[in-house]
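Handing you this structure, nothing more for now.
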């Protein structure tokens, strides 16, 4: 898909955007021990939630850029007028967004987990949940980004629209890690995350495409 | 005799029809409210477990029900407006949102008031309360999105999309919160266990539910009228109407 | 054949135009004229399917364009006010990507050829952000050479171009019309294009 290649190329030319998101993630996660104290048992208990909330916020931070640059230079108009299916183009863009913002978080998460003294198996589960969950964040976030295109205060609005919709992913993402640490099975959590991913793969690009058409009218 | 329903889908004729209907619903709402509160506070027996504090359910439960119903109704009308490009249904959806948000807020507030004597704390992360809180976020999202968009047509359509996305998500969110809740605090006090509700309690509650419905309809019609006037201010019939009002 | 039937456009409370009718045959050009704010751009955005008219219908070969959508998009090239070029991509990348997006995959040789023709020879590998306004415009217009669509909808294509470029583009447009293409365009400049028929559409 040409659009994925294009967005990756653009991301490489503007690496700072990718790095900002990643550093934001790292900083937010590092703030928690400073605010609640370095007591290891508590940190270990908090870790899954903290990492997941930080991942949510970090992916949210980059949502605005998903369409706004294309909107202001007119390439988004071209996409809307393309004979290719707009839903597929959107899917491509969401995938590129995930490669650029989601994957770095997935890679970074185990390292941050070590800071919180997570056992190695929990680190693995954390990474898997992020791998399954962050694409959902990009897909759902795309809807919010498309709806708020060109609006005053769009970036704050996006968080208002999108964060409540992220809650199931948060619950099962962090829940899987906690379940693993408590010695309960976490497979059910993972299959539910997988189900969310499938549902959002089917529905979100379509909703995003309609939103884009509404926003550009 | 057949009624031409489509006649009322035009804002102009709906405006006058709604004007006639509002007093009826407002009166019904007030009457039912008085009756319901009377039954709830004076007729219904004291609960042997919870004492007098339980009486807040006469407000809490109808509000919680309304908050959820109204979101679905709002998404329904917004969806109709998106699919068939009917302006009136979109205006309806916009008019429903604040009432829905208000009921959500009341449900949360009374829930907290009830929680204090029940659980000894104002707030517990109970599945229902948490879901209700998320519902409030969804209402706020819908309203702020519409408020941020200047062009009413875009606002209608964008609102419709987010409302529909919300409706698809509500069951998922509710289910997730339920799961999360059972996982974390195994045996919380369940509100469900009201084994034998006295029939007068049920009666009071039902009356209050009807009162809420009547109130919602009256307020939503009123708000729709305001939106119609605002949006159609450049049309001939509104100018005509203003002249008439002025003479009167 | 492109037809507009009783088109109306409303922006906010204001009606920009109504009852606009036209019919455009193959090989002919329609020039949309009118003062600023008369709805020229709005009309063009309707014609390409970005927005829907408040009233009326647009037909492409007798069929309404709304359900037609993707088939219609395959037959149409729209170049609007915004150049639709990415600052962080090179000239040639921009052309190849936007052509591919319009459904015409082109080789880098084809792209270079088109850029050469439009006067950007030797600048293929510059980033677009270092180009001047006129040069960016040329990058956008180069798409006309690579996308073989019958209908072109152009919003002020000649703006920011120098005299040679204006001549060049007029030549491209002329050739398109000779090959039975159709063009809808807005422009403030007087145009010098030989065409079988030129329709003037005035918006008040």
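Here are a few things to note about the model shown:
All chains are identified by letter, namely A, B and C, in their written order; residue positions are counted from 1 within each chain.
Here, a residue touches a chain if its C-beta (ideal position, glycine included) is under 8 Å from a C-beta of that chain, and two chains touch if they have at least 3 such contacts.
All values reported here derive from a predicted model rather than from experimental measurement.
Taking the mean of each chain's C-alpha atoms, the chain closest to the overall C-alpha centroid is A.
Chain centres here are means of the Cα atoms, and by that rule the chain farthest away from subunit B is C. Subunit B and subunit C, compared by their mean Cα positions, are separated by 48 Å.
Rounded to a whole number, the gap between the C-alpha centres of subunit A and subunit B is 32 angstrom.
Per-chain Cα centroids separate subunit A from subunit C by 37 Å.
The set of subunit A residues touching two or more other chains comprises 217. Listed in rising order, the residues of subunit C touching subunit B in the complex are 12-14. The part of subunit C that touches subunit A in the complex is made up of residues 48-52, 70-71, 73-74, 76, 78, 80-89, 93, 97-98, 100-103.
Every residue of subunit A that touches subunit B in the complex is listed here, in rising order: 143, 147-148, 151-154, 157, 160-161, 163-165, 167-168, 171-172, 175, 179, 196, 203, 207, 210-211, 214-215, 217.
Note for the complex: subunit B touches subunit A at residues 134, 137-138, 140-141, 144-145, 148-149, 153-154, 157-158, 161-162, 164-166, 168-169, 172-173, 175-177, 179-180, 183.
Residues of subunit A that touch subunit C in their complex: 2-3, 6, 9-10, 13-14, 69, 72-75, 77-85, 216-217.
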